[in-house]
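Before we start, here is the structure in question, set down as structure tokens.
Chain IDs A, B, C and D follow the sequence of writing; residue 1 opens each chain.
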Amino acid sequence: MNLLTLLIFIPVLFALVIVLLPSSVRGSFKYITLLATLLQLGISIAIYLNFKTGAATAGINHEDQFQFVQKLPWIALNLGSMGKMQIDYFVGIDGISVTLLVMSALVMVVATLASWEIKSNLKGFFLLFLLLDMAVMGVFCALDFFLFYLFYELMLLPLYFLIGMWGGVRREYAAIKFFLYTLFGSVFMLLVMVGLYLSVSDPATGSHTFNIIQMMNPANYAQGSVFSAAAHQTILGMPARTVGFVVLFIAFAIKVPVVPLHTWLPDAHVEAPTPVSIILAGVLLKIGGYGIIRICLGIFPEIASSGAFWLGLIGVVSILYGACNALAQRDLKRMIAYSSVSHMGFVLLGIASQTAEGVSGAVMQMVSHGFLSSMLFFLVGVVYNRVHDRDIYHFRGLGTQMPQYTAFVMVAFFASLGLPGFSAFVAEAFTLAGTFKSPTVNGLLPYWMAVCGSVGILLGAAYFLWTLQRMFFGKVSLKGGEVWKIALTDVSIREKLALIPMAVAALALGLMPSLVFGKINDSVLALIQFLQAK
Amino acid sequence: MITLTDFLLVGALLFCTGMYMIVSKRNSIQVLIGIELMLNAAILNLVAFGKYDKLNNGGQVFALFAIVLAAATTAVALAIVLNVYRRYKTIDPDEIKNLRD
Amino acid sequence: MGTALLHTDQTIISYTIAAVALPLAASIINFCLPVKSKAAGWISTLAILVGCVLSAIVFARVWNQQPLHTQKLWFTIGNTKVFAGILLNNLSALLLLLVSLIALPVHIYSTAYMKHDDRYSRYFTYLSFFCFSMLALVVADSMVLFYAFWELVGFSSYLLIGFWFTKDKAVQANKKAFIMNRIGDIGLLSAIIIIFAQFHTFDIDALFGQHGLVKFMGPDNGQWAFAPDRMPSNYGSVWTRGAMTTLPAIWQYIACAGIFLAVAAKSAQFPLHTWLPDAMEGPTSVSALIHAATMVAAGVFLLGRVYPLFTDTELTVLAVIGCFTAFMAATIALTQNDLKRVLAYSTISQLGYMILAMGVGAYGSSLFHLATHAFFKCLLFLVAGVVIHEMQHIKEENNLDIDPQNIQYMGGLRKKLPLTFIVAIVGSLALIGIPLTSGYLSKDGILIQAFEWSEGRSAWLKLIPAGALFTSWLTAFYVSRLIVKIFFGEFRLLKHHPDIKLHISDGGWQYRVPLILLAVCSLFPLFSLNPFFYEKAWLFESLKPAEFMARENIYHTIIPIGVNILSVFVMYAAYAIYVKRNTFSFPQTGFFYRLSYNQWYLDKIYKKVIVKPILGLGKTCFWFDRNIINGLIHSIERLSRAVADLTAWCDKYIVDGFLHSMAALVQSIGNFARKFQNGKVQYYLYSMLLIVLVLFILKILI
Amino acid sequence: MTLVRLLFYTMSFIAIGSALYAALSKNLVRSIFIFFVTLFALAGLYVIALADFVAVTQVVIYVGGILVLILFAFMLSGRETLNVIEQHKGKFINMAKVPAVILAALFLAVIVNIILKADADKLPWVKQAIAQKNEITPTSSTIDNIGVNLMTTYLLPFEAISVLLLMALVGAAHLSRKEGRA
């Protein structure tokens, strides 16, 4: 049994169990889900440990260098004169996916622990949760574009319901906004996907293929096909490959999200229940970054290079704009949501630099942000659960009231604002280093982008520290008075169980960045080489 | 010289006006006036053709008969109108629907 | 590195690691202890004591020897290998010893000072963590590590300033301190990245060491390139022109500016100095260790590390800023009434001296002053701690509503606190720079070298030594004022509250021992056997620049004498004004008084010019987000909704409408036909006529 | 243009115009009174058609008799008819009238068509009458001839009509008597 397949479909198995169980044992659903996610975490760690490094297993554009590959013919229709339709169940990982897989598995466990707060319609919630889990894992593993798209779309539906049914006051608005935004992106992605399918043929079988890796090879494009680099086809007066890149980029950029396609994020995060916020921030955003690396850069490398300036610019704007917005928030969750926008800007900036440091930094940032944002949202959930309020101005002096909670918040805040010793520091520093190196190495980005990016770090300190000062320090003074004082108990064992792994992971990555860099390095170098060769 | 056609055309116009009144008016008295108009149109025709019958004076004589008969019918019609009014308190022919199946 | 180290070197390295790691271990242990555990203090103190001994061994081994350098691969990113290691040269060994040496008395002092605090073990957790970060900072060999510890030092300072986090002012102060330090961090990070982009390495030794890369590169023709004039003649042509990628020269300036920002933030130089006075909200022992002796000196240490990077012009800028800061802080210190604030501004002023010294090329004097200043300033802060502690005691005992740090309430304490008084005098004299103290040695060295430096430079630059000179007299005045107000005259609190009880004393041995220790260290013998000539100090001799001029010119005689005679007069003047009150008193409404009292209004200006606009920008961005971007989305939504409405309308009225109109037609035909049977005379007539008409028409047509 | 022709046009214009006004007016009273004008104009037309006796009869019977009757009827039905007027005020084109207008217009078209096709002036008997001088000229007197003809050639119709008139008289009287006393 292939480990990846197992990893992807374990949630489905457990979902089936939940379906079959009667509602009278609904109390056990969360334990079943926890078991599923823990199993997943175990498998992902096994994958991580067995993952081979070295130039021979770099992956990226060599199918034989991927690991844990499973390739089964799935849909193979003989369409007569149209040729053969070839869709494979094709999963495999290289360095870029493997760390994200482990991160996602851990985030899923934490999200499950956060699901204890869900009280209504447990069966539905955990079913959707497990479905989402499967889709997320699938996206990171899929190497067939059709399969990728399938998982990608499959994520949307559970999320829509999870936000729309278990969310906050304006949940319907947020759910629909989220759904429309992402659907908008993916619908056009479908068109490009079909265009690519019709352009690319598998050299082995001669039929059209959805294989992402085959799409990276310019030789596989049919003569005169839409996306063939040699054919110079145009769509609406623009070069077809540029259009394809832009469309795919927009689809993933909505997920990341980048300014100005980000406005679904604050609403969705704020309205979503805590576990869903965790998954959204921890995993979903990474799919955007992962998609840009794997698909946008992989399939359209030359466009990615010529458009790198714009990518970088969007990244810088996201960093600064997100940070400025976070400064103005008084809803804790919304502030964290905007800080996500800011932090994910670094991912884009790093990818745009197309240097080894930049791309590694971007991947590191994704992993690190996965842990830290999950932790932050979990922490917001803790206080929201107790008093159903998140307004920063309504709290004061929580440091005295909930000392352990405050300690966790401080860890999360300082880690997020890039305190050395935590993962975000390494990620951001090297993203900036890569960005700054870019003008001399490949001349894609101007120098000033790195400088502007570093200002984002400063603003990050400003809003996090302001929140700390406003909410946690000072004398105890709560809007809800004595009632809140009784309600605001310190973190429970379960919450600690969820928070400590995150904090430890962030700290471990900060002290030993090689945990990530060691695994991704060969792939990143291969990617850079691939991009330079184009 | 005024030709016969001229008279006929005037008569036709009057006739049609009268017909319009009969069909459209919602007041029995106006309907009656319409009838009178039609009659007069007919009389005009009789008179006009009567010009060419000097010996027998057929046209003019029948015109006279027609005028007299019109007076008689008017008298009867008005009597009916009055009766209708007494019974239905209206002289709108639309309101009087007892003829309906 | 690849070269195998000697066995003794290996031992030294492990000693260093132990010295650095012991406080970390203590910190972790304390973190796990209950918050009120009294063991915490002794664990931390023990760690620092052992660390101190180890540091001394390391110092003895490394001082004036070949630098020791060892490193290990930390991680690889792309093709870049990032190493972590230890670099021990004169500079780092000195700082290593200095920090442990200062930290030890502060730890001892703290065990008594923080005795009654609810979060006693937390305090020592933070304090040990600070020691760890600071010690690691001085021995780190890689710019990345350096930056990491640089920021961790700031972080522990944040924790300690805000240690009493229920005090709003403390929390405001620690936020301010951290954000201001962050500005510096951004500068340092940018500088590191620029240096990395230029030289492809983070290794401090490779960059700034004896054969460091930086020495041979300088701004040249708009490129930051290989500079032949910087190359020593005897050095091989390993680095040839064009062998490396080069950045435009502007990035050399920006790197220097970044480093300067970092220095200014950490060492509280203008314009980033305003956090330091506020940072005095923390416990006094913390102020003594972090905000007077060690952490704030990190900026100077950084300058010492990256000294070769700076060109002559850039050094001049440094000198100007240092001089200005020294002068400004001294003027502010003249009028402050808060005991700790006066000391804070004097710290800023002294740090200004150090930067000035760096700027004028007095590298050795700068670090010498750093070392001497650390001792006497720490001493003064601990004295202040004792005084404040006793004032607090009076306040609590008598239920008064006074600020225990306000010197206006004090006076005549020399009789109550004799030991404190004596050590305070020693510290003050050192700060003023009176002979026989360590301060005299280091400060006069700076002044003399500044004058030498200004020789042959433009007249404007002569202002720098002149300003420094003037500042030293200002220093004499405010220090005297402080001492006089606290220890001489009568106890002013008694005037307002005649019946208060005064049960105060110098305190237990935990107070006395550190004070005496530091006082001894503030005298000349520790540094030089010759109390008058700074150039004879062993510390200076090891660090002095190569082209140092021996006592050749007149400055070496004239300045110490001139400075000291005038200083004595100034001190007497202060004594006369504040104790005897027999001479004039200062007007308290003049412009200069208000300027000084309000700290040159810089805080207010920053608040108005920087903080408000940034918050405003945040608000604007959010407004933009809510209204423009979201508005755009919503208008697209509205548009699509309108299209949907249109199609719905079409569906309802055009498509459905067709069906409905067919139905309506049929219905109306039915109605129409029905009308003929509605019993109305006119319709019967109408239909009759219609039929006639139809017949007519048919007849005509056919 | 001769004076006669001018008169003819004037008269026919007045007759048609007043008839149309009577038809279109929503006010019953106006309708009735304008109908007088029509009748007078028609009388004038009869004169132009060289039937002076018919014209006089027209005036006497219609204006003197029928219209007076109509006025009586109007007055007797009184307020009710006026209410109807009020309801339809203000609507220039009433959709309910459209079919009637169409009908009338079509009828007019048909009749005019027939008249023009028939070309009455060229009818054989008209030509014959002109040829035989059997044509009334403006100078000839017709009244005595009418009287003779009534009593000779048209005696039977004359009697029949007088009986009819009597019947109408009786009938009208019978109808209009008060119901309650019958």
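We adopt the following convention: a residue touches a chain if its C-beta (ideal position, glycine included) is under 8 Å from a C-beta of that chain, and two chains touch if they have at least 3 such contacts.
Quantities reported herein were computed from a predicted structural model and do not represent experimental measurements.
Using the average of C-alpha coordinates as each chain's centre, C ends up farthest from chain B. Centres computed as Cα averages put chain A at a distance of 97 Å from chain D.
Computed centre separation for the pair chain B/chain D is 6 angstrom, with centres defined by C-alpha atoms. For the pair chain B and chain C, the distance between C-alpha centroids works out to 116 Å. Touching two or more other chains at once are residues 19, 23-24 of chain B.
For chain C, residues that reach two or more other chains under the stated contact definition are 686, 689. Among the residues of chain A, none is in touch with two or more other chains. The chain pairs satisfying the stated touch condition come to A-C, B-C, B-D, C-D. Every residue of chain C that touches chain D in the complex is listed here, in rising order: 686, 689-690, 693, 696-697, 700.
Within the complex formed with chain B, the residues of chain C that make contact are 677-682, 684-686, 689.
Those residues of chain B that touch chain D in the shared complex are 1-10, 12-21, 23-27, 29-30, 32-34, 36-37, 40, 43-44, 47-57, 59-61, 63-65, 67-76, 78-83, 85-86, 89-92.
On the chain D side of its complex with chain C, the touching residues are 99-100, 103, 106-107, 110, 113-114.
Interface residues of chain A, counted against chain C in their complex, comprise 177, 180, 259-260, 262-263, 321, 324-329, 355-357, 359-361, 397, 399-400, 414, 419-421, 425, 429-430, 432-434, 436-437, 440-441, 447, 450-451, 454-455, 457-459, 461-462, 465-466, 468-469, 472-475, 512-514, 517-518, 521, 524-525, 528.
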